[in-house]
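Each in structure tokens, the structures are laid out below.
Look at the two complexes coming up: subunit A is in both, with subunit B in one and subunit C in the other.
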Partner chain A sequence: MEAVQNFMELSQQVVGFIYPNEIEIHWSILIVVYPYITGLVAGAFILASLVKVFNVKELQPTYRLALLTALAFLLIAPLPLQLHLGRPERSYEMFMTPNLTSAMAMFGFVYLWYLMLVLLLEIWFEYRRDMIVWSGEATGLKKWTLKVLSLFSTDISEKAVAFDKKTVKVITVIGIPSAFLLHGYVGFIFGSIKANPWWSSVMMPVVFLFSAIVSGIAIVMLLYMIIMPLRGGKIDMKCLDKVASFLFYAVIVDFSIEVLDFIHRLYESEESIKILSQLVSTKLFMSLVVLQILLGMLLPLGIMVVIKVFKLQEELRKLLYFVCAVLIQMGIFSTRWNVVIGGQLFSKSFRGLTTYKMELMGIEGFLVALALLIIPFVVLSVLIKLLPPWKKEELAGH
Partner chain B sequence: MDRRDFLKNICLFISSGAVVGGLSPDAWAKLIHKDYDPAKHYYGMGIDIDKCIGCGRCMQACKTENDVPGVPYFFRTWVERYVIKTDKSVTVKTISTNLEELADSFVEKDMLRSFFVPKLCNQCDHPPCVQVCPVGATFKTDDGVILVDGKRCIGCRYCIQACPYGARYLHPETRVADKCTFCYHRLVRGLLPACVEVCPKQARVFGDMKSIASPLGRFIRMNKLHVLKPSLNTDPKVYYANLDGEVN
Partner chain C sequence: MKEFFNKLPEQAVRVIVVFLVLAVGLFVIRQFIIPPEMKEPALQKLSSMEREADKEVKYAGAQVCGQCHEKEHDIKKTGYHRDLSCESCHGAAQKHADNPTDVKPTSPKKRDYCGYCHTYNSSRPTGFPQINPDTHNPRKPCITCHNPHNPKPPQTPRSCAACHAQIERTKAASYHALLGCTVCHNTPEKHKTAPRTIRPTKPDTREFCGKCHDKASPGKGVPAVDMNAHGEKYVCWQCHYPHMLGGI
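Up next, the complex of A and B:
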């Protein structure tokens, strides 16, 4: 009966005509959280790969942090999907009887490939030598945890360490297309739905990818600025400036692609254009025009231009970078919202709009979504404790 | 049929229902009715817009026959009423199964033309829902009907997103995808879908496309036909006669 009450309220807010089965929004806030999280994973990994593959030395202080960030978020990424299923106890069917024509069926395989073969391997080779050294210095539980994590390897000869380094590089080279695959694939899940003109676009995987790179770089920048001082180190301004300038270029590319997509839709002006314009100018105005474009993209772009042109002093730069990174996170979250929720707010009859009323408490509610966004940071703090991204001399050296 | 046979049939029916989940499409049909050969049929439906009077009996019959939730939101089949006014503006409403509400909604002014459009799953020949289902719970039978295996569906709702016709919903009790099956449990016994059975105007015509002599064969010969959203290349097997261009 409560559900009927809910639908009655919702139907009051429907504008125009929707098919009767469309009264319910099927992919809720949890499905907004999922591409947001995987985007952070892919983006953080791309930042890390800049150090190893493209040899951008200035970024070295963010390398390990970026890898651990990617891992922390990747570990949580399947949770929102699992929680959102109507029958979560059957999710294993996705591995047992995958339907090969389904983009979604590939999730488990893409995920495992990325987690097992790319991220865990790279982190293991990167930390192997240190884990052996640290397990020698530590005592008790930590000693044994590190020993287990290093898979009881003991060889820290120059030859072995050189092998580690080479392997890391190879994995990163495989990792870049894998990161592209991971997030491009999430874009494809939406972009391949021909029934939905808001989603159905060949640009979707590309837009997802670049927004992922933007959000990933911004989150690592944010974490670096917060964690480094907390651990008693000093922020390396050369590194920060470099991260910011990569962020700047990524935002420009992302923005251009989204503008291109927008102009293309407007110019082609297909059957759906009326309802989509109505969607953008009413239900999505706040989250798309204000939050995503103005505050999440143009404002940070403007700030970064000011920083570059006026060569501001260090403290002010730090503050402004921080503001930019926060704004960009909000902007990319809005991007995910506008894709996932926005794509369900208009009727496939193209004759009306519906409303999404987010629950507060329920399993697909606000609190669960918030928890899912907080848990990765808890995981990250454990990872950082166990596998410090910066060595003592690095912290003292700055 | 004597009492003994009747009881035997009941037992068979109940036990077959219990194991029906997780079977291949034709095994599914055979289990429901052992003499039924799905390869010999290919089903479709014809709908004559000019005959529909919007009485909503099909909607009620479907809800009763298929245990569709009684609330006025989830439907395996529904009827839309289109009103095009003299200023060319179009209003569309799903007709209510509540007779009082139904009577109220017919008072319109400045009407240019008006008609009813029964909707249901189009049983597409290229079904996007089957393509996207991650676990293969939605499948096409040999006789061309799209079914959902409620025992395998994980409730991810990708099929609901992929259906261009809004024909699917998540069943609030079973938490799996649900949709029109052409009353498959009736078909295999040689019966008509419930909505077709109760239509007082024969606006819905059901039949086997493999037989020219079937009522559907005649419907297809005698009418100019159209399907919904043909540009999406889903190849629906629900054919409309006298469909207005405003309908989508």
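Up next, the complex of A and C:
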């Protein structure tokens, strides 16, 4: 009964002609949350790799935080999909009986590869020495947790630590293409849906990737600015300025690619262009033009230009960086929204538009999505408690 | 080989052991615990075909019906319902074919069943026979006038509105309300009996509308434009919908 009522409400919002099975959209807010979260993972990892592979020394204070952030979000990334599909207890079958012709099914392996062979391994080698030291200092449950996590390893000789460092570097080198693969793949799934002109574009994986880098750098910057003072440390301005300038370049590249995609679509002017421009100017106006482009991209770009041109005071810089990072998070979330929801709002007949009405409760509703966005931070706080990203002397040193 | 392992730092050995345990675990589960038909697509297909084949057959098919009900079969063969299967209306009839005396199929006698296809709906193809059930002989079962095996209008429709009710109602509220349909559409008499093969015409020149709407035309109080300057090469109804109020 509720479904019928819902359907009747939606059908009154329909503009133009639309096929009956297009009135209600099927990929809901949960599918918006999923690429947003994986994007944060890939982006945070890229930031971490800048330290190890490209030797950007200033970024060292964010290195471990970036790794833990990537892990916290990666652990939660499959949850929205499992809630959306239902029957999560069957998801392991995807690994047991691989389907080589399905991009979605093979994505499980990309995820597994990234989690097991890149992120966990890198974190393990990075923290191994510290875990052994900390397990010696700690007592009770924490001592044993750390012991198990370090796989009862005991060797902290110089040779062993040197081996750890070397391994971390090798893993990071493998990790960069893996992170590209992880998020490029999400874009690939959308980009390869050839029946949908809003999605079907080879640019899709690239656009996803760069927006991922933008959002990942911004979230680590945000977390660094919040967590560092909370743990009694002082924010390293050199590091923050460096993160911000990488963020600045990433936003510029992301923006250029999106503009390129836009111009390309306009110039190509395929038969879908009319309905797509109608989509952008009506149903997606707020989330695409206002939130994504104006507030989520141009405004932060403007602020960062101001910071770079006028040598502003430290406190003001911090405040502006904070505002930028928040705006960018909102902008990238809108990007995901516009791709996922936007692609389902127009009819395949190119003659009509429908509306997405988000549930509040319900498994595909707003509250579940909100919870899914909060859980990674809870996971992160546990990880930080167990594996502190900064040592005591680092906190005191600043 | 042994030397190589001795050279590896102890932490690397530990990690390798963990991964080996996982890999062996996965291998054992896949090899020994998962049933073969879950792994092999061909087997999956085979078992699903068996499953489908085991299902009870419910529909007999029009040919089987025709073996006994020759008369209905022959009438239907040439009528408008020739592409419909008997069981579309009479329901699944395999049981009736197996046991013709004891099991009787149903036949819809009320109005609502025919309405599934013939109630007016603008998305149906042009010329498809459609009625408004509230105004078209209300409460009378359809089969009192129409023979479902060879459905023809019992009498030739008197007005265009019999089939084009929606257009008729829209036009009644438009500026063109007082114009008859045939002022603009040349309608051969045969269109009434063979609506989909003999079609009426649509005005295909600008001059046709210009007869009333050109500046130079004599009509008073009629919106007039300069036909040479207005609308370029387009026929008027490509922009203006003549049946609509105001004719926008």
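Please note the rule applied: the second predicted complex is superposed on the first by the 387 of 398 C-alpha atoms of A that agree within 3 Å, B and C clash if a C-alpha of one lies under 4 Å from a C-alpha of the other, contacts with A are read in each partner's own complex, and residues count from 1 in each chain.
As a working rule, contacts are C-beta pairs under 8 Å (C-beta built on N, C-alpha and C of every residue); 3 or more make two chains touch, one makes a residue touch a chain.
Only a predicted model underlies this, so the values are computations on that prediction, with no experimental measurement involved.
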Open item on the list: Should subunit B and subunit C be called a clash or a fit once both complexes are overlaid on subunit A?
Closed with: clash
- [ ] Using the superposition on chain A described above, determine whether A:22 touches subunit B (first), subunit C (second), both, or neither.
- [x] first
Open item on the list: If we overlay the two complexes on their shared chain A, which of subunit B and subunit C does A:97 touch? Say first, second, both or neither.
Closed with: both
Task: Per-residue contact with subunit A, leading partner among subunit C and subunit B - done: B
TODO: Look at A:7 in the shared chain and tell me whether it touches subunit B only, subunit C only, both, or neither; answer first, second, both or neither.
DONE: first
Open item on the list: Taking the superposition on A as described, I'd like to know which of subunit B and subunit C A:193 touches: first, second, both or neither.
Closed with: first
Open item on the list: Tell me the contact category for A:167 with respect to subunit B and subunit C: first, second, both or neither.
Closed with: second
- [ ] Report for A:155: first if it touches subunit B alone, second if subunit C alone, otherwise both or neither.
- [x] second
Open item on the list: Under the stated touch criterion, which partner chain does A:349 make contact with: subunit B (first), subunit C (second), both, or neither?
Closed with: first
TODO: Check the residue A:128 against both partner chains and state whether it touches subunit B (first), subunit C (second), both, or neither.
DONE: second
Task: Residues of subunit A at both interfaces, subunit B in one complex, subunit C in the other - done: 17, 93, 96-97
Open item on the list: Show me the residue ranges of subunit B that touch subunit A in the complex, using the header's touch definition.
Closed with: 71-75, 78, 80, 90-94, 119, 128, 130-137, 152-158, 160-170, 172, 175-177, 232, 248
Task: subunit C-touching residues of subunit A, taken from the complex the two chains share - done: 17, 93, 95-97, 116, 121, 124-125, 128, 151-155, 159-160, 163-164, 167
- [ ] In the complex, go through subunit A and note every residue touching subunit B.
- [x] 3-4, 7, 11, 16-24, 26-27, 81, 84-88, 90-91, 93-94, 96-99, 101-105, 107, 189, 192-196, 344, 347-351
- [ ] Report the residues of subunit C in contact with subunit A in the complex, numbered from low to high.
- [x] 9-12, 14-15, 18-19, 22, 26, 29-30, 34, 38-39, 123
